[in-house]
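First subunit A sits with subunit B, and in the next complex the same chain sits with subunit C.
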Partner chain A sequence: MITSYITIIVGIVAVIAALSTVLQKNPVYSAVSLIVVMVALAVNYLLLNAEFIAVIQLIVYAGAIMVLFVFVIMLLNLGEVKKYKIEATSGRIAGAILTGLFFLQLVVAGFNVTANVPGIERFFIDTKGLDNTKIIGHALFSDYLLPFEVVSIVLIVGIIGAVVLGKKKE
Partner chain B sequence: MEITINYYVILSCILFCIGVLGFIIRRNLLICFMSIELMLNSVNLLFVAYSHFLKTSLGLMYVFFIMAVAAAEVSIGLAIIIMLFRLKGTVDMDKLNILKG
Partner chain C sequence: MGELNINFWSIAPQLVLICFGFLLMLIGGYTKVSKSGYLGQISALGIALAFMVNIYLFGSRKLGFSNIILFDELVGIFNAIFFVSGFLVCLLSDNYIEGKIKHTGEYYALILFAIAGMSFMVSALDFLILFLGLEMMSLSIYVLAGLFKQSERSIESAMKYFLLGSFSTAIFLLGVAFLYGAFGTTNFAYMLQHFTKYFMDGKSLPLLMGSALVFSGIVFKIAAVPFHMWTPDVYEGAPTTVTAFMATAVKAAAFSMLFRVYLLGLRGVVVDYAGIIAYLAVFTMTLGNLSALAQKSVKRMLAYSSIAHAGYLLVGFTSLNQIGLGAVIFYLISYALMNIGAFAIISFFEKETHSTELNHLSGKGFKHPFLGFMMVIFMFSLAGVPPTSGFAGKFYIFTGAIQSGYVSLAIIGVLNSAISAYYYLRVLVYMYFKDAEEPISNINISAPQVVAILISAIGVLNIGVLPGKLFDLTIKSVSFLF
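Let's turn to the complex of A and B:
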């Protein structure tokens, strides 16, 4: 009962903070709002019994990625905030209307998904006596070994790319 | 009061559409980039919710991989933004038209 209320409150906080992210004039305020969204989603993950994902969300997203964002905003020193005011041009209004239609379509599509996908039992993992982290660990080093290795290559490419792109030209 | 999967579908759709809206109406590259992060996060929420309600851990694996790819994407994207700022002195998308023919 109390978890239902917490879930709904956290959801409302996430939506308000997300709106604040896209509507703030100052990029620093946007970044802080995005951190609020990510923390709210981490609470949601905890309520959905995904402790490992919740902690990873806090460390990777709210920690690493957002610190990177704030660093870059400070580095670029985007002085004149007025420049980023949102004007209601015709393109923006059309975009907002199209986004609303897209939202309706997403909701309709999401409700038409049935939870009884035929053949999904194949993918069920026996979770008896195991916690979430253990299940992920088992799957990561057996069925998902190749994707795991590929992800390490992606991260290496990311590191090298960031260094090369951020380097000062002589 | 029982929270069903529909609540998470709606919440995820709302967050995703706010991300799309932000990407469309903002001209600041950094805020557009944050909108992309918002969209990725909303998809993660849907994965975790379905993984909980279908009682399988398959969705959690995908969330794990999405987060790793998002981390790499952010580092590359921010490096590109810094490079563009050095080149043009702005992060306004309308002023970045050096590829225009």
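Let's turn to the complex of A and C:
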């Protein structure tokens, strides 16, 4: 019972922090808010008994955001915060209303996702006393072997792109 | 969750492509930029090899990797489309990118990786691998679009495509998450099973939401209305060879997703979507053709025309019968050939005049008889004039639509192709009936480029004159659905 309350509280924190990430004018505050989102998600993973994913979430994302943080300080001119004034044209208002409706739909559909999904029994793995990390390892190298390998090619493409596009003109 | 059936044959063509991709990067690193012309031939060789493997496997059914990969005839024929377009683009790039792209090895490697990604997409039997294939393809294309680093338009094109593309991918992924919530699996085969078991009397909200989000992700890649806004800018700014690749292979890959997801996994909702797709098809055709009328740049005109062609293809998909679906694949093949040919000729003139404006083409037809004649073939085919493959494709598509009772859709389609004849033939009018504005210089065309153009021209005419055999093949490849 207590865990479900914590889940809700952490969820609310995550949403508020996510909004703050988008709405902050100062990029440093945005980066800090993003860390809060990641930590809140990690807590939720922990409550779902996924310790390994929670830890990975913290290490990878918090680490990545620290890098982002450094880049923000190095590359952006923090002295002047630019002010954008967005005029409310009729197109923008219509767009905002449509987006709101779309979001509402998403939320309603999301609440309709139930735990008793047909065929969910298939996924109740007999853990045989194995811990979280071992189960994930087994899944990665058996059923999800090919996706695991294909991800490496996707990453390679990303690296090539970064090098090729980022390289200085000769 | 069954036994581990690793079956390397099911992904053999992709493996060949990936190996050649790495090989090209390695060779590219050891080659001087000025002497890197032969890299195009090597990558074409790699694609040809993959094509050979594909033909060897064609006709068999191979499941692999815990039932997340399925190689069947549909995959074989879509693979053939990707490989042929990639092959032609690699041969055509030869002269065109010289001096403009320093990273020749990476250019070709990215093309190969993109094709491998498309192959993964079409042979996927699971949303996980479908999504990875999609990302592999999209990332490669984002980079390829921005490879003309001196040109601001090219950078703009890459940036626009990247931002909008990642947004559409996020929407796609959200849809997959909803579908996972509805079915408890991402595997198409299980989804189909669960559908007949649980959703026969009513479709749940997460299912509808998920299928709608996935659908919009796919429609973005197809570049159909209402997700077409990025197309003209991206197609115009990217290097012309890359544009040819985007307009043909990427579109074919997006349609392969439509086939895989909506005719296999989500087969139960496809009838609901046919009505929506019919409207999308009408708007896509009409908007594409009307906007193309007003364009001054041939490249931008072809971008709008690719939107219009997406509309014709959607008409074929709407009919949901064997002829219509077979016709979609048939049309994708013929569209790949004629469009790559047209873009190739534009790229030659672009290399000479540094512009793709229509009035720079004036008088070129008689001065360059070979290129002029080829352009006549491709433009006639795009407009759908009888002895070419464009006509045969449209004929089959509209036959399929009429057979399913979409007579009005077929009529709108025919009217649209009549409109399109105006702007395709205008190119020829400029080339043959206007006087040249500037002195005409020589155009350097290398042997591989001539070969590529001849292949596409002969393909267009051959399919146009004798469409029966290929059409039987495409019909056979979708027969398992009926």
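Going forward, the second predicted complex is superposed on the first by the 126 of 170 C-alpha atoms of A that agree within 3 Å, B and C clash if a C-alpha of one lies under 4 Å from a C-alpha of the other, contacts with A are read in each partner's own complex, and residues count from 1 in each chain.
Please note the rule applied: a residue touches a chain if its C-beta (ideal position, glycine included) is under 8 Å from a C-beta of that chain, and two chains touch if they have at least 3 such contacts.
Since the structure is predicted, the reported quantities are computational estimates derived from the model, not experimental observations.
J.: Let me test your reading of the model: by the given contact rule, A:Ile159 touches which partner, first (subunit B), second (subunit C), both or neither?
T.: Touch status of A:Ile159: first partner only.
J.: For A:Leu106, decide between first (touching subunit B), second (touching subunit C), both and neither.
T.: A:Leu106 contacts both subunit B and subunit C.
J.: Return the chain, subunit B or subunit C, that is in touch with more residues of subunit A.
T.: The partner that reaches more residues of subunit A in the superposed model: B.
J.: Kindly classify A:Leu146 by the partners it touches after superposition: subunit B alone (first), subunit C alone (second), both, or neither?
T.: The second partner, subunit C, only.
J.: Please work out whether A:Val22 is in contact with subunit B alone, subunit C alone, both, or neither, and reply first, second, both or neither.
T.: A:Val22 contacts subunit B only, not subunit C.
J.: So which positions on subunit A get touched by both subunit B and subunit C?
T.: 106, 110, 113, 120, 123, 144, 147, 151, 154, 157-158, 161, 165
J.: Which residues of subunit B touch subunit A in their complex?
T.: Residues 1-3, 5-7, 9-22, 24-28, 30-31, 33-35, 37-38, 41, 44-45, 48-49, 51-58, 60-61, 63-65, 67-76, 78-83, 85, 91-92 of subunit B touch subunit A in their complex.
J.: Report the residues of subunit C in contact with subunit A in the complex, numbered from low to high.
T.: Residue list for subunit C touching subunit A: 1, 4, 6, 11, 18, 25, 64-66, 68-69, 102-103, 106, 109-110, 113, 116-117, 120, 126, 128-129, 132-133, 135-136, 139-140, 142-143, 146-147, 149-150, 158, 174, 178, 181-185, 190, 193-194, 197-198, 204-206, 208-210.
J.: For the complex, give me every residue of subunit A touching subunit B.
T.: Where subunit A meets subunit B, its residues are 1, 3-5, 7-8, 11, 14-15, 18-19, 21-24, 27, 30-31, 34, 37-38, 41, 44-45, 48-50, 52-53, 56-57, 60-61, 64-65, 68-69, 72-73, 75-76, 78, 83-84, 86, 92, 95-96, 98-100, 102-103, 106-107, 110-111, 113, 115, 120, 123-125, 127, 132, 135-136, 139-140, 144, 147, 151, 154-155, 157-159, 161-162, 165-166.
J.: For the complex, which residues does subunit A have touching subunit C?
T.: 105-106, 108-110, 112-113, 117-120, 122-123, 142-147, 150-151, 153-154, 156-158, 160-161, 163-165, 167, 169-170
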